[in-house]
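Dropping a structure here in structure tokens format, bear with me for questions.
By written order: A, B, C, D, E and F. Residues from 1 in each chain.
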Amino acid sequence: MKKIEAIIRPEKLYILRDKLDLKGYSGMTVTEVKGRGRQKGISLQWRAGGYRVEFLPKIKLEMVIDDKDVEPIIDIICEYGQTGEAGDGKIFIYPVEDVIRVRTKERGGGAV
Amino acid sequence: MKKIEAIIRPEKLYILRDKLDLKGYSGMTVTEVKGRGRQKGISLQWRAGGYRVEFLPKIKLEMVIDDKDVEPIIDIICEYGQTGEAGDGKIFIYPVEDVIRVRTKERGGGAV
Amino acid sequence: MKKIEAIIRPEKLYILRDKLDLKGYSGMTVTEVKGRGRQKGISLQWRAGGYRVEFLPKIKLEMVIDDKDVEPIIDIICEYGQTGEAGDGKIFIYPVEDVIRVRTKERGGGAV
Amino acid sequence: MLSVRSLLLCSLILSALLAGTAFADEAAINAADNAWVLISAALVLIMIPGVGLFYGGMVRKKNAISTIIFSFAVMGVISLQWILYGYTLAFGHDVSGLIGGLDFLGLAGVGMGVREGLTIPSLTFMIFQAMFAIITVSLITGSYVERIKFSSFLVFSLAWATLVYDPVAHWVWGGGWLQQMGALDFAGGIVVHITAGVSALAVAMVIGARKGFGTDPMEPHNIPTTVMGAALLWFGWFGFNAGSALAADGIAANAFVTTNTSAAAAATTWMFLSWRQRAPSALGIVTGAVAGLAAITPAAGFVTPLAAIPIGIVAAIAGYYAIIIIRGSGMVDDSLDVLACHGIGSTWGVLATGIFATIGATGLLSGNAHQVLVQLMAIAVTWGYSFAVTYGLAKVIDAVMGLRVRDEEESVGLDLSQHGEGAYM
Amino acid sequence: MLSVRSLLLCSLILSALLAGTAFADEAAINAADNAWVLISAALVLIMIPGVGLFYGGMVRKKNAISTIIFSFAVMGVISLQWILYGYTLAFGHDVSGLIGGLDFLGLAGVGMGVREGLTIPSLTFMIFQAMFAIITVSLITGSYVERIKFSSFLVFSLAWATLVYDPVAHWVWGGGWLQQMGALDFAGGIVVHITAGVSALAVAMVIGARKGFGTDPMEPHNIPTTVMGAALLWFGWFGFNAGSALAADGIAANAFVTTNTSAAAAATTWMFLSWRQRAPSALGIVTGAVAGLAAITPAAGFVTPLAAIPIGIVAAIAGYYAIIIIRGSGMVDDSLDVLACHGIGSTWGVLATGIFATIGATGLLSGNAHQVLVQLMAIAVTWGYSFAVTYGLAKVIDAVMGLRVRDEEESVGLDLSQHGEGAYM
Amino acid sequence: MLSVRSLLLCSLILSALLAGTAFADEAAINAADNAWVLISAALVLIMIPGVGLFYGGMVRKKNAISTIIFSFAVMGVISLQWILYGYTLAFGHDVSGLIGGLDFLGLAGVGMGVREGLTIPSLTFMIFQAMFAIITVSLITGSYVERIKFSSFLVFSLAWATLVYDPVAHWVWGGGWLQQMGALDFAGGIVVHITAGVSALAVAMVIGARKGFGTDPMEPHNIPTTVMGAALLWFGWFGFNAGSALAADGIAANAFVTTNTSAAAAATTWMFLSWRQRAPSALGIVTGAVAGLAAITPAAGFVTPLAAIPIGIVAAIAGYYAIIIIRGSGMVDDSLDVLACHGIGSTWGVLATGIFATIGATGLLSGNAHQVLVQLMAIAVTWGYSFAVTYGLAKVIDAVMGLRVRDEEESVGLDLSQHGEGAYM
């Protein structure tokens, strides 16, 4: 099993949820995070003039899935999560050693 | 070493902390997250009628621990974290390559 | 590639960002978390007397980087993130299997 | 480099400015009434940011500032509109029953002396009325939040105040034809709440629904803020209604009591309605209060405290089911239910005034069936006029400058896209 | 399908509604006093959501809405109770010194004319008093937050207002036996704060402590909201105390000044007390202010501004140590310290009135030791009565319908389990 | 163990306390004026936590409580200072035009009877003025937030009120030399806003910039809270300015209208200024309103409503560019722009009073050029005096006890380090 961790634009969350759902990927955990990268921060307004904010609001979307689902999910996220501007985000893939469902103590693939 | 990442019900945090503490597992990091899975969201009230929220508040509990502690911790979380209803959450186990204590630069098992 | 996950004191975020930036490490994701460990919580004031809070505000700093960058980044975080008191935090190192840039679908090292 | 000529020009303009206030005879001013109406004006003023907070808590976090600041911006723009020309359009000498003449343009002749027929200075009356104009414009904002362009909002607000509010205020309170016909509207059921509610519908129809309406959750992001806003509304509404007695007399006391009673009855009723469906909703309780306040507004000084109970109860029932029906229809996204709470609530209130009036007027139950007809007539005309003009106005603005922000701006949220700000850090 | 008979029935009921307001002689109304008491009533009204915010910021996030909406719901329910029968129980013709007769049932005879012995309309007096009944009920909510069933809260509130508030208000202000005995209570130390504080203790004992009380952190989730609430309390308290002069006279001015002074002295004292222990606590400063306000309430119009300083200082010290002792005992979870802040603070205030009174009454320091005895007697009786009746009432409700939510509901939080809502998204 | 001697001592002190209020003749009190000034005092009171919220939303989350509680603490400390000796320093019998004598020490002789030359009780006048002293001290806090030691803040506030506020209030309003010279300051442009704004600059210079100023983002953490604060300011300002008429007369009505107009004009102007640069900023709109309110304060009762428009417009332009220049200079960290909003805004307002005055006084445009000179003189003296004394005072406190918290305390945030609390959980 793998964990897909995608850092995405907050406004893309609902469309991605819809598209992932459509393909049967409904289990996920999201976290409000802030990020920086190529997108070099934005300037927000003070009363007069502005100030720079370098950490921008992003959403971290985490899904633990079977190995075979990695590529289709990457495809969906890249297709519907992008605007073409810097700041669209990244997907990180991590190995997962085990999964346990708290309710039933089931383990492994079936627990996801 | 392993990382245990448990997605739990928010109201179970304090009981789990107590039970883990009792067994000597006190180091942990918690994050407020939102999740969806089998538990199909809930409906909240608008002024009249309701609206559906699919992402539910959950707590992510992270503990980096020695390999030998994995099973006892899983047991505790499953025992005290469950209600038997969908939405009790999942535990994910990840490999950890190294741990460093910022204060002392100690590494490995001793740093946890 | 590796993921560095550092749990740090919130007030150290900006100095670490500056120091990391200087060395060219600018991509990162930060999350507000709460933690407990050796630092045994703090007591906050009620109207009269106090109450104990065991989970303290921390920042989780995540960076996905090339293997060769692990050590220099650990050094920077340990140097500028510490105060010498319990609660300075931990750095965890995880394996990363792949990285994809959402915008371009680039993969691997170049995507970071 | 200021030349002598430009200095002269300046001083000419300035001396014009100075001429605004006449030094009229203050003999007839009743200080108590003046104090009462001034403090009432202040109470109505605090309702305006109250509307902002009430609405602001009910939108998504990314639109919090945008929603709250609408009301504040309106305080700026309509205050100026009112003293420059709005007041005279509403309260200037009657021109064929339709509109006020320009006698009070730029507050000419509106001074510290007593206003004819009252015991308070003209300026006191003028500023009390100013607050009504402002808040009416701010009420409408609830229907188009989360998607309107800020510039278009400003143009719309200014034009709407001029084309809808000022004439209707004249018809009902400024000596216009509805007043001549005997229509009763104690504190603004017709002038404020029907115009706002119906116009909210019209502009919501033109601007279209929010992206994701009906599919994505449009969650109220901060209910305590909404409760705070509702609290300011209930508080300020005493000025709104009891201040409309324009004197600190028994009528003011009566209006104060009916206001509180209707709000209480409607809040309680709405609580039970939402409970019947599922659980006593906090949003429902405060919404009920507002619907009850809107409903009692036209009636406040004309009916007894006990009559305020059925007025409040029916307002809650009507508002509750109006929301269910309007939202259920999926036909229009009146985002914060302005039509249901204000339009429907107050339509009932205006009608109820014709039914229950016993104080200084008589209604159906005191044997004056005619009053009901007059009230119905006033309702019909105001609905029609408000809807038609607002619909047209919104269409024109949409054609000329566009009412909506771009899709991406809406997704990102108006706080960032329209104001370059974020509500909470 | 409405039959003729039901229409007739309706019109009968309605004409009953219309009869509520008598058209009495308005000649004797003093407009200034009327304006002052009306605005004071509005000021007391804003205190009620102020209590909600004050309390709401001090509970855990998952109970924020629940805590805030208690006060708002009380505004609905007790407003109605008061005009229907509460007012007459408190201020109707005295029946054996114990309770008011039913002469004002449904506001019969309570009209726009002047109230006997005063210079303001009966309706003004009635609605000013209504706000006191409402806020008293809302103060108690602080003791049982985070665990009460909403339905039981409603039943308790209604019954408590009827069985405790209305009689005690009658005894002290409505011509009842404590008033006849000469007990002094300018603005509600006995009637409002002792009854609320002591009843809070009783109901907290019956309902039991919150799950995790003493072990889990019960952290105040939003201190700015609490400060905002305290600000509304301080602001509105001017209406509460200075409005209780029932005229815009020198007594009102004096009460205004003593109110501000006691609040300031107590806030400052509490600040230093918490500082001595550790650091100047913001929660402590605002709590001190509230304790000082509660303490000066019975005394406000009877004592000099300087006397308000020791009154405030002692209130803060007493409240501070009362919290430490009550919480330290672990015996009861009076969650937001209602007994300590209101009960203890105002018990001292009632006593202090007997000591410091010099204006329109004399106390110990002006040589009238008897007053202290009277005050002590009033304190003892009110403590005893409030405790006994509330304890019994809570026991009965608990037996019949259960006071507490289920364990899981408490864990999840009352916002979700009782209201189906979440405070912040 | 209380000995007889200590009891005697106590009773001596207490009888001193009781002597505070004289029972003067109430015959000449005008109840309407009294009601108006009392409610105005309450309105000014609510501005004080309003300042706290306004400021509190603009600092970083870790300093939210600290910033908000400054204003609340000031309500405690300066209320006491004022009744004990501040009032007599400002309004006691004039001593050489410089300071008030000690005749009203501890409110001796300040009673319920009418104040000479007015129609309201001395106590009413005293408490209305108290609110001005408090709010002025609270305005300054905006310049040193996020880094001052709480103890030093308290000492500074007390000393500042005594050394700057009380004397300047005497000069301008208490019969002192500026008043004798004919300086016009209707409601506190000189006394409140110039002293506060200029002193803010001085103390900011002494305390130094926040760590990370100019490099780290100093983001406003809760803009809705700031808007709420601004709303309370606008609301309360009606009491501030229209209450300063000290009677419910036409002047009060006029001041009410000019206040609203200037706020509106400045809010609108600032909105366009920020828009020109990028987008209509919500922070900008509310800041504009406050600048407009500060500017109209000295002029409110002296100028016509139309004259309030240019006063507001210029205030916004001046304030806007003042912020850009002061921040751009990088020389001082007046964190929440107190100098720009209050100092600059009101300096313009005081000058504008000399230009536009037509009501009860004459200014340049009515042919009295001399008034401008007097106003300039008053401005220059107040700037100089405020700056010099505050700078010296801050230096002394810094030397004796240190103004700033330690570096780590600043990094962690003042909420935790100074108060042991956290704003949001």
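For this structure, a couple of remarks:
Throughout what follows, a contact is a pair of C-beta atoms (placed from the backbone, for glycine too) under 8 Å apart; a residue touches a chain by one contact, two chains touch by 3 or more.
Keep in mind it's a predicted model, so treat the numbers as computed, not measured.
The minimum number of touch steps separating subunit C from subunit E is 1. Chain copies subunit E and subunit F are related through a rotation whose angle, from the C-alpha fit, is 120° to the nearest 5. Taking A-D and B-C together, the pair of chains sharing more C-beta contacts is B-C. Between the CA-based centres of subunit A and subunit F the separation comes to 50 Å, rounded to the whole angstrom. In terms of their C-alpha centroids, the spacing between subunit A and subunit B amounts to 19 Å. With centres set at the average Cα position, the gap from subunit A to subunit E is 51 Å.
Separation between the centroids of subunit C and subunit F, computed from CA atoms only, is 44 Å.
Among all residues of subunit A, those that touch two or more other chains are 31, 44-45, 50, 54, 83, 94-95. Annotation for subunit D: residues 30-32, 35, 39, 219-220, 222, 228, 278-279, 281, 283, 419-422 touch two or more other chains.
Shown are all chain pairs that touch, namely A-B, A-C, A-D, A-F, B-C, B-D, B-E, C-E, C-F, D-E, D-F, E-F. Within the complex formed with subunit E, the residues of subunit C that make contact are 44-54. Considering their complex, residues 10-11, 14, 43-45, 50, 57, 83 of subunit B touch subunit E. For subunit B in complex with subunit A, the residues that touch the partner chain are 2, 6-8, 31-38, 54-55, 58, 60, 74, 77-78, 81-86, 88-95. Per the touch definition, subunit F reaches subunit A in the complex via residues 217-220, 270, 273-274, 277-279, 281, 283-284, 287, 319-321, 323-324, 327-328, 337. Residues of subunit E that touch subunit F in their complex: 30-33, 35-36, 39, 43, 60-61, 219-224, 227-228, 230-232, 234-235, 238-239, 242, 247-254, 256-257, 260-261, 263-265, 267-268, 271, 278-283, 285-286, 288-289, 303-307, 309-310, 356, 358-359, 365-366.
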